[in-house]
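Chain nomenclature is as follows: A, B, C and D, assigned in order of appearance, with residue numbering initiated at 1 for each chain independently.
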Amino acid sequence: MIAIIKQGVQKNQIDTLVQWLENQNLTVHISNGEFTTILGLVGDTTKIDIELLENLDIVEKVKRISEPYKSANRKFHPQDSIIDVGGVKIGGGNFAVIAGPCSVESEEQIVEIAKKVKESGATLLRGGAFKPRTSPYDFQGLKADGLELLKIAKQETGMPIVTEIMNANHLELFDDVDLIQVGARNMQNFDLLKELGKTKKPILLKRGLANTMKEWLMSAEYIMSGGNENIILCERGIRTFETYTRNTLDLSAVPMLKELSHLPVIVDPSHATGISRMVKPMALAATACGTDGLMIEVHNNPQKALCDGAQSLTPDEFSDVMNSVSKIVEVMK
Amino acid sequence: MIAIIKQGVQKNQIDTLVQWLENQNLTVHISNGEFTTILGLVGDTTKIDIELLENLDIVEKVKRISEPYKSANRKFHPQDSIIDVGGVKIGGGNFAVIAGPCSVESEEQIVEIAKKVKESGATLLRGGAFKPRTSPYDFQGLKADGLELLKIAKQETGMPIVTEIMNANHLELFDDVDLIQVGARNMQNFDLLKELGKTKKPILLKRGLANTMKEWLMSAEYIMSGGNENIILCERGIRTFETYTRNTLDLSAVPMLKELSHLPVIVDPSHATGISRMVKPMALAATACGTDGLMIEVHNNPQKALCDGAQSLTPDEFSDVMNSVSKIVEVMK
Amino acid sequence: MIAIIKQGVQKNQIDTLVQWLENQNLTVHISNGEFTTILGLVGDTTKIDIELLENLDIVEKVKRISEPYKSANRKFHPQDSIIDVGGVKIGGGNFAVIAGPCSVESEEQIVEIAKKVKESGATLLRGGAFKPRTSPYDFQGLKADGLELLKIAKQETGMPIVTEIMNANHLELFDDVDLIQVGARNMQNFDLLKELGKTKKPILLKRGLANTMKEWLMSAEYIMSGGNENIILCERGIRTFETYTRNTLDLSAVPMLKELSHLPVIVDPSHATGISRMVKPMALAATACGTDGLMIEVHNNPQKALCDGAQSLTPDEFSDVMNSVSKIVEVMK
Amino acid sequence: MIAIIKQGVQKNQIDTLVQWLENQNLTVHISNGEFTTILGLVGDTTKIDIELLENLDIVEKVKRISEPYKSANRKFHPQDSIIDVGGVKIGGGNFAVIAGPCSVESEEQIVEIAKKVKESGATLLRGGAFKPRTSPYDFQGLKADGLELLKIAKQETGMPIVTEIMNANHLELFDDVDLIQVGARNMQNFDLLKELGKTKKPILLKRGLANTMKEWLMSAEYIMSGGNENIILCERGIRTFETYTRNTLDLSAVPMLKELSHLPVIVDPSHATGISRMVKPMALAATACGTDGLMIEVHNNPQKALCDGAQSLTPDEFSDVMNSVSKIVEVMK
């Protein structure tokens, strides 16, 4: 960490700061320039509050050299983490596809889709039970009943299940859920993250709509610092000025995160684009840049269901996507 | 609401859709153009899920004409709402200033600041007890102890108190809090919003970092649809590409929200800019474009305290800001 | 195009508007709702100025149904356009790779790189002669001399050359350039676009830093409406809040543009990410989502040259990228 | 400037870099930390190309401490610049209002508006002759004829005139223009900026849609480094995700630029919001945070003219705005 001292600051003020820093178990290198003095802080700076330091009257700027995340940092954990989700491995060369409907609607629906996507090669089943919706008047999901239906589909197909949590108080309902999803809007719901850190459940941490990769890894760090290191990151598009797609899928995040962190990274092309025609090309692109898996929305009865999303594929379309994805997976080996 | 039908869709498919819409108690006007058919939906479209409709195979686009929020909408509530916060009125011509430190640190600190800001004309006291921090390693606030210190400051000065909630389970601790703040990161924590909707407590709803005004009003709607109409909106800067300021204060939101909604709107220039020198000009600007109040960070001992934020004013600086603000308030009458 | 009339507008005012629209050779369908009147405009609305209409006192909103671009629109030109660049075809299944250094520095440099990238499979040579730089104090390129060196490299290798134009007055210097690049900062330099529309030269139109796909296609339309239909679009990253990568590569733009337009779309992963380690994964991703080609920075002497960009590959790294890209190209067939 | 060296770099490689830097007339301070070596560069770093340095294999990051602009920098020019525009002073306490129509349409129109806005207190007349439009099919302005009409209005009223240039080749047509506007889309049209740097004409440099303040000041630097220091900066809104306003007016830019630079800063609330009802509140806000002037669109015949923008005020509305603005100007003294 580097602290740049303002011009014209008295030597005794700098000395006081240096002393305070040394009391935090840091070694301080002082570089006196013509116009500025620069302090180089060596040691464990992870726990230094950068804003706190920047707020000092005598400090112009503070720059971290090392990243503020530790448990999630590849520097301290060079091997890829492999997360075991109900027997299905993700990361470290294990490619996994999560598929299923946006919302669980009925036993028939979820079981049928589960069977279909399993046939096409999906290894995990997703389905929304608690749904975060922008409007209080929109459908909020089947809630606990939806979880029960997911469990039935799990029994019928043997697929581990993935679903979103919106409230730490619901945790006990999630006992049979194999991978708990934290949605984009809750990526910085720190109290929820802390509670999840106390469990050993694998967590699928989606990127916030307007969050940087650094903030995303810091949210992973919240869970990990609580003791739960079973985290899978999921890129699902960020908010930009472009309106032709719902969000802008940031695929550069995949190789960047693989470099910064040892955690598996998967991609959700359905939510990112919001358009079913874009799911296939973006799924292929994600695979080609090294994602550890995909999360794809599939619905079984698009011609009938009103809630069949513009972003959902039919089982046949999904099968076609899987076919192409597996060819890219092959090339990537 | 308007639904634009795709080119080449069969008449019987359109008929099915029209019938379904009419079953939702809407009147449907059909306009057949050369290339497109347009359905004009008349009635209470608030409860129509726009994504659900857009996802239909035969629908090209859906456009709302009327806004999706109802309780927060000025059309249905033309008079300004006036929110009573522990005896202090905000909105409808009542201008209020909330001031205090970022974090409550000690009884001495909070009581002293409270007295100082009251002297300068602040009418509500703020202070953070539960602190949302990007890093799990940063100071997380004094929590319940901080709330106790705030109450002491309230007793000493008579000022109603404002502080942030991060977890609905803490609600009972907030019994003596006069205005409960929902922070930017929790603006779409829908479960928290629902719980707050069940109380009668005034809520200060901060805008999310990357949320549109529409989403913000929809979050207000979550609280209001639960029965709690005591909402104050707080603009605190949005995330953009600019890096010289921490966020970009969107002051256009003030007159725009005053037009769209009857709820009071206040502005937080401290968090928006992150720079104490910017607080005064932006406080004046906010006042000049019609804000119902301000929220300003003030700290009492900047030369000593390491946690004295770059964005905090000293009590003397705050007094100077209040002096100028009151002149603008006078002109605005 | 749909015009939504404000509530409470008099019938005679609407009649005046309808008459004016009909004078523009449009057919107008009127749909009278309970609260709103909607006008559906049928005919060639391309030439209707949407702002002009929206500015009318009686109009609430105007929505285009059809896109405002015509020459670039796939609806009116269903087949893929194939652009011939000095004998190298791009588009319609013809995949092309443009490679070369950021700046032309010397004859030796450009000729050597040209030979190397040709060996690895590049079919076009790029090199900057006129360089747009944020600072007036940064290196502005060799200008006309750089163009001469590019021509030498073209003679030596037979590769068509690609370089950026910044000023329409330089057009005659570009006589021997095979593909003229319009950089991101000039995407809406409309006077430059008009001048390029008068030539028959193939144009490589890069996306502006913060421009939507619609604006980008409208800039293509500027050139095409002048009579020059030889346009290749190049996605090179957009400006977002993320700072770990220089820009955010918007790969969804590739399939989206292929749907909206018949023009070829290529991707520049070097400028988009600004990091040489990201070039390979993003080149593979771009290929997997259907790009018609790639534009990649290659430098020959990274250990010596100070201007060897963090985003440039060595010839060996480029050869490795080409190797992997060709496998994806194979799969995509 | 600080250069952070990568971990594990050999001493001799660092020595080579240090030597190269010293050859650029910089003094280099070396700080050897446990994990990193930091070079502090002292001297005139303005001319060091930061990308060039960052691209070196051995360099992790480069951080500027001092800003890269020099002529525009308040550090080297502490007094406010006052720009004389045809006898009207702007900056250094001189508040000026530029008003007029978006497009010059006819002699009658421009003369009438000129007289009206002058009566209300405007001191400069604006009117578009060359119009940058997103679509080639939209009205492109009266061009040279429009300039002639502006000159007539100048003769009739004595008001200096302001209009936009889109092409350096038109410069001789602008001889009688008092303040030449560079529009947002041309803010980084560096060839245009260079040509304007060769004149002595006052330049109104609008901020680019997605440009940072640093880039904006660098564009001012392009003009100033050519010898023309008569620059006025104009904030006109930036592109964000918000859609209720056309752009997001970044008023924090006003006090920030006043701190960073000595150049006058004015604000255009008409283009920023795109909504005439927002012009008054945002004009007042801009004035309250210290702008040196305003640029406001006024049209004379809104009920008739189809091109009367949603963002234009009538002369009566403008008079009302001026009335309130002058009260804020009074308070600000």
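The definition used in the following text is that contacts are C-beta pairs under 8 Å (C-beta built on N, C-alpha and C of every residue); 3 or more make two chains touch, one makes a residue touch a chain.
None of these values were measured; they are calculated from a predicted model.
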Problem set entry | Most distant chain from chain B, judged by the mean position of its C-alpha atoms | C
Exercise. If you tally the C-beta contacts, which comes out ahead, A-B or A-D?
Worked result: A-B
For this session: Determine the centre-to-centre distance between chain A and chain C, using the mean Cα coordinates as centres, and give it in whole Å.
Result: 32
Seminar exercise, completed: For the pair chain A and chain B, the C-alpha centroid-to-centroid distance in angstrom is 26
For this session: Could you give the separation in Å between the centres of chain A and chain D, each centre being the mean of its C-alpha atoms?
Result: 39
Exercise. Got the chain D residues that touch at least 2 other chains?
Worked result: 210, 239-241
For this session: Spell out the part of chain D that touches chain B in their complex, as residue ranges.
Result: 210, 212-214, 238, 240-245, 248-256, 259-260, 272-273, 277-278, 281-282, 284-290, 324, 327-328, 331
Exercise. In the complex of these two chains, what residues of chain C are touching chain D?
Worked result: 20, 46-47, 49, 51-57, 68, 132-139, 166-169, 185-186, 188-191, 194, 209-210, 215, 218, 221-222, 225-226, 239, 302-303, 306-312
Seminar exercise, completed: chain C contacts chain B in the complex at 2, 4, 27, 29, 31-36, 38, 40, 42-43, 60-61, 63, 65-66, 210, 239-241
